[in-house]
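Two complexes come next, and they have one chain in common, chain A, joined by chain B in the first and chain C in the second.
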Partner chain A sequence: MKQIGEPILTADRITLAFGGVTALNAISFGIRRHEILAMIGPNGAGKTSMLNVINGFYHPQAGTITWKGETRRRMRPYHAAAQGIARTFQNVALFKGMTTLDNIMTGRLLHMRRNFLWQAIHFGPAEQEELAHRARVERIIDFLEIQAIRKTPVGRLPYGLQKRVELGRALAMEPELLLLDEPMAGMNVEEKEDMCRFILDVSDEFGTTIALIEHDMGVVMDISDRVIVLDYGRKIADGPPDEVRSSPEVIAAYLGEER
Partner chain B sequence: MTVDVLAPVQERQAGSAHTDRGGADTFPKLLLEHARVRPQRPANREKDYGIWQSWNWAEVAAEVEALACGLAAGGFRRGDKLAIIGDNRPRLYWAIAAAQALGGVPVPIYQDAIADEMAFVLDHAEVRFAVAEDQEQVDKLTEIRGRCPLLERVIFSDPRGMRHYDQPWLEDYAKAQERGRAFARTEPGFFGREIAKGRGGDTAIILYTSGTTGQPKGVVLSFDNIIGCATNAIAFEGLTDREEVLAYLPMAWIGEHIFSYAQAYCAGFCASCPESQATVMLDLRELGPTYFFAPPRIFESILTQVMIRMEDAGWVKRRLFRFFLDVARRIGPRLLARERVAVADRLLYRLGDLLVYGPLKNTLGFSRIRVAYTAGEAIGPDLFTFYRSLGINLKQLYGMTESSVFLCIQKHGAVKPDTVGAPIEGVEIRITEDGEVLFKSPGAFQCYYKNPEATAAAKRRDGWVHTGDSGFFDADGQLKILDRARDVGRLQGGAVFAPKFIENKLKFFPWIKEAVVFGDGRPFVAAFINIDLEAVGDWAERRNIAYASYQELAAEGAVYDLVQDCVERVNRGLAVEPTLAPSQIRRFLILHKELDADDGELTRTRKVRRRIIADRYEPLVAALYSGNATGRITTEITFEDGRKGQMRAELAIRDMDTGLPPAEPVPLRRAG
Partner chain C sequence: MNFFVLEVLIGGLLTGVLYALVALGFVLIFKASAVFNFAQGSMCLFAALALVRLMEVLPVALALLSAAAIMIGLAFAIERLVLRPLVNQEAIILFMATIGITFFLDGFGQSVFGSEVYTLDLGIPKDPLILFDGVIPGGILVNEFDLWAAVAAGVLVAVLAVFFQRTRIGRALRAVADDHQAALSVGIPLRHIWVIVWSVAGLVALVAGIIWGSKLGVQFSIALVALKALPVLMLGGLTSVPGAIVGGLIVGAGEKLSEVFLGPFLGGGIENWFAYVLALLFLLVRPQGLFGERIIERV
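Moving on, here comes the complex of A and B:
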């Protein structure tokens, strides 16, 4: 059984504003090692902004992010990637003309040690290295059951499969923290069930910590260990799914207040 | 001794057919024989993690020994049944050999069987041990375990997702093998001794047939049955230990068992498992099998894919493809039958091979095929000719679980699209007065497991096995299968009337979607036709024939002419056979509506419900047999939204001239 541990990442009073709009208002929370954390909230609540702050896309005006005990100041997405934070996007962001295999291979780039010249010669150590990476990628292809589309250009795949490939690329980075932005948006029921299983399996088999944004409440309640609810840039609830579901404030945010 | 053994081996490896099994009368004995004689030759492959992983015969023997000993250590005794559930995986094939080595009986179960069906088989076969592929199958077994009290232990092959399963009756395949290796160390020679106890008359396997009516029946086959039949067919086709097969059809199906297990063990060739069900076509291409089986629907879907992709190709390629395909149709089958062909034609075909057929076969993975079979249902002559014209040696065969498959196979140079060939060596076939096919064969099954009534009904005391199929021998001595015997009727004149056979012939034309023929107890054969809206619509558009609905198009005179041409060609084909000549279609009409499963006229799997159609369209049937030039009908139809409405129509009836000379109905017949 997986053991949920100490916080691996702590957000402390994060405030982010675009001009006059406050997207995030002094939000604090932690992501614990090995847990599946869901972030929910109505449209425009600041969920994606929060993910963007975590992986260095946005820089908050106030507040700090502490990653594995190290408080960071300004940081770029590639720093986050190098430190073991991978993500997928709300709108699939793959290289459409490249095959599934090549797309997932790009996830290994950070782990490649040989320089550009070696790679170009593609002989000896560089070849050995590529073989090792290919083997890793094949494990992921097997894990996600996408063998049949290994050599298919991603642009030709249906949306649900593209999402799966994107997850594959994120996994190829062997991240400690995986950020999933609406991994099930636009999927049919069967695709959603598959994706749920993969997310649970990732958590189970690799022990990866996962933070995800999702709108489908059934999914959220089923798979997450903990739920954070955002509303207009504020955090209004934080706890196990059952507790959050019965919180009056959350009900009000979703269904409107009784008058 | 080594010299004696090696000499014939080199001969075999040079590519000669062989049926010498070194006296081995069971599969485990054959396994040991191969491990000794050709230890380094590949025995199994599986595509995994993007690479073809392979095991040679020596390795397979070691894997099987480890599993067998693991089973024995877990309490598996002689006579015990081992259920095997999952996709084609080397590990599951090894489980078959392991059970047989211990004197047990493997019972493969269809991997897509629902829990209830699985429970029936497990319970009926008194299964104590099972090998399951993965979590999905283990979950099914967990669900039904309460109903199968005898089931003691389940070994699973793929540990994925099984981390939290801590039931004591579950065991990892690798762990079971580990235990087996430890067991083998304490009892050296155990494996060999157990194998030596096996006899050819022992039960090799029980295969449950998916009965369309009632509960499935367990067909018991002995080693002698399967090995005898498999070796006869190997000799017939000249198969060697260099063949490559793709093991991709369900393991519980007799055909798969024969092609990928029995024949592989008898001839010593390699069976390769695809990466997953979804990658079969890709793996087929990579592997390039030399020996291949597929039911007609698979050949059909491959052809459809080719045609669709050709439509997307550029102008030059399309022209080239069409031109050389016509050349192939004309010349290919004759070349394959080793007939005399003019030099110019030969050169043209060679050019076509270079430009079109070769690359196409390579893309499909058919480049190396020496023998390909299709069976199970009727195959359209166009479809069949397409593959043969490319130079692929596609043939038909006839057989069933009860006969360990091979009863009839088409010979080289005697291949026709509508027969199933002549009986192979050792097989006797007799047709009863009623037209039912009976056989005697070394492959004839022992019995239906724990079902003496069914056994007695199928396998009579005189040794003849009743197939339930209706058929006859044509002028060349090839067997033609018409239909299931219970569906075959008689015309008033006493001639055999096989509706499905005639309907299939009609449906092979692209214009005809469905056909229903009448004739049982009637003076002649008459037919209802459903046109294919897409194909005929396209045809009509190209001829500037305007139509607003299916009903209008179906009533069009030109469409009647088109269908009449099809019927005429079917009639000419029927006229060739004295048995079938009386079954020529005398009158037909084109129905004003499409037969539909929503109206109960078809089953959900698109089989016509003859009786319901005859009832509903009774006035039209009466008109067909009355001599009127038209028939009137009012039908109730169900709209998509569930409302009902009435549809009135007056339909034209066409009379056919059945006195036409029995000309060649399809070009391919010349190949025979």
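Moving on, here comes the complex of A and C:
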């Protein structure tokens, strides 16, 4: 059984505005080591903006992010990646012209140490390194059960499989924190079940901390250890799934208030 | 056998190498950012102008190094001032930005370095050369300068091929071209990649500028040589380095051969339109070019 530990990432009063629209309003929360944290909320609540702040696509006007004890105002996406934060996107952002294998290999780029002169010669240490990375990628492919599409350009794959490849690319980075933006959007029941299983397995086997955004309440309640609810850029609930489900404010946000 | 054919063919192939050199600059940037860099021709002109004027005050080697430094500086400036504000925009918007760069470079280059026709002489011999005199009766007449240019282009291509195909930069480049956001998320530093690619394209422009400048004189028409690179790209495919080479060779050899052998029947001047008609045919039959990536789209 995994042990949920101290916060690995803390967001402190994050405020983000686009022009006059406040997307995030002084939001604070922590993501604890090894947990699966779900972020839910109606459309436009600021969930994706929050992920974008965490991995450095957006820079908040106020507030700080503390990642593994280091506090910063703004993160750059490639620093976030180098420090162990991987993510997937709401509308699948894969390299469409590349094969499944190559896509997942890009996740290894940051782990490649040999400089390019060695690689140009493609011999000796560089070759060994390439092989080692390749072996890891093959393990991920086995894990996600996508052997059959290894050599298929991902642009040709159905949506559900593309999402799986995207997860594979994020896993190849061996992240400590995995951010998943609607990993199950647009999937059928069977695909959703598979994806749930992969997420739980990643959490159990690799101990990866996971923060995910999801609209399917059944899924959220089943797999998450903790749920945060956002509404109009504010945090309105934070706690275990059962508690959040019965919170009157959450119900009001989802179903509308009785007047 | 008629050795005249061979002579025309070789002359054509050598010219083709020079087309390929310009096309190469386009391919590099297209591969790395899915942007068609309209400014490539102007970069050739800019580099050649810079070199020619620097050579008036500096020894050749120093002038070459300075011109190279200027092109790298230009890459930094383009990344900072043009590309960085446009991250994650549509390719067409970046394309429009390169049109802007074109006008800027044409105007800026000519106002700083002057707009006269300058002679560029790096001391490469330009004498006609007779090859294989003993083997073939009469030998084969080639231009020695073209031969050197072809050698330079060949070396450049080999270096680039190794750099882009066999290193991890190659995979990073393809990733950046496909999707900026995703590339950033796996930790590819977009800015560095862009600076690297535009620097390399700038250096290729310098080499092309030197060669074309020595042939035609350094003047505005160098920027227009880029137009000849367009059919080469249509033939070879926008994403393929070998494609640019093969495309260049086909266009070069094709236009010379057709001029000589079809000219008498069609009234000459074939050299001027041959490449474009060939490109048109390719667009109809094989729009991705000989070596380009197939365009995959799920409907």
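Here is the rule we use: the second predicted complex is superposed on the first by the 259 of 259 C-alpha atoms of A that agree within 3 Å, B and C clash if a C-alpha of one lies under 4 Å from a C-alpha of the other, contacts with A are read in each partner's own complex, and residues count from 1 in each chain.
Going forward, a contact is a pair of C-beta atoms (placed from the backbone, for glycine too) under 8 Å apart; a residue touches a chain by one contact, two chains touch by 3 or more.
Because the structure is predicted, anything quoted here is derived from the model rather than measured.
Aligning the two structures on chain A places chain B and chain C side by side, free of any clash. The vertex angle at chain A, taken between the C-alpha centres of chain B and chain C once both structures are aligned on chain A, is 90 degrees to the nearest 10.
In the superposed model, A:102 makes contact with chain C only, not with chain B.
Once the two complexes are overlaid on the shared chain, A:251 sits clear of chain B and of chain C alike. More residues of chain A are in touch with C than with the other of chain B and chain C. When the two complexes are overlaid on their common chain A, residue A:17 makes contact with neither chain B nor chain C. By the touch criterion defined above, A:138 reaches chain B but does not reach chain C.
Legend: residue contacts after superposition of the two complexes on their common chain; A:26 is shown touching neither chain B nor chain C.
Superposition on the common chain A brings chain B within a closest Cα-Cα distance of 11 Å of chain C.
In the superposition on chain A, the residues of chain A contacted by chain B and by chain C do not overlap at all. Contacts from chain A toward chain B in the complex involve residues 1, 134-135, 138-139, 141-143, 145, 147-148, 150-151, 201, 204-205. Those residues of chain B that touch chain A in the shared complex are 47-51, 160-161, 163-164, 275-276, 278-279, 282. On the side of chain C, the complex with chain A involves touching residues 162-163, 166-169, 171-172, 174-175, 178-179, 181-190, 293, 296-298.
In the complex of the two chains, the chain A residues touching chain C come out as 55, 57, 77-78, 80-82, 86-87, 89, 93-98, 102, 105-107, 109-110, 112, 116, 119-120, 122, 153, 155-156, 169-170, 173.
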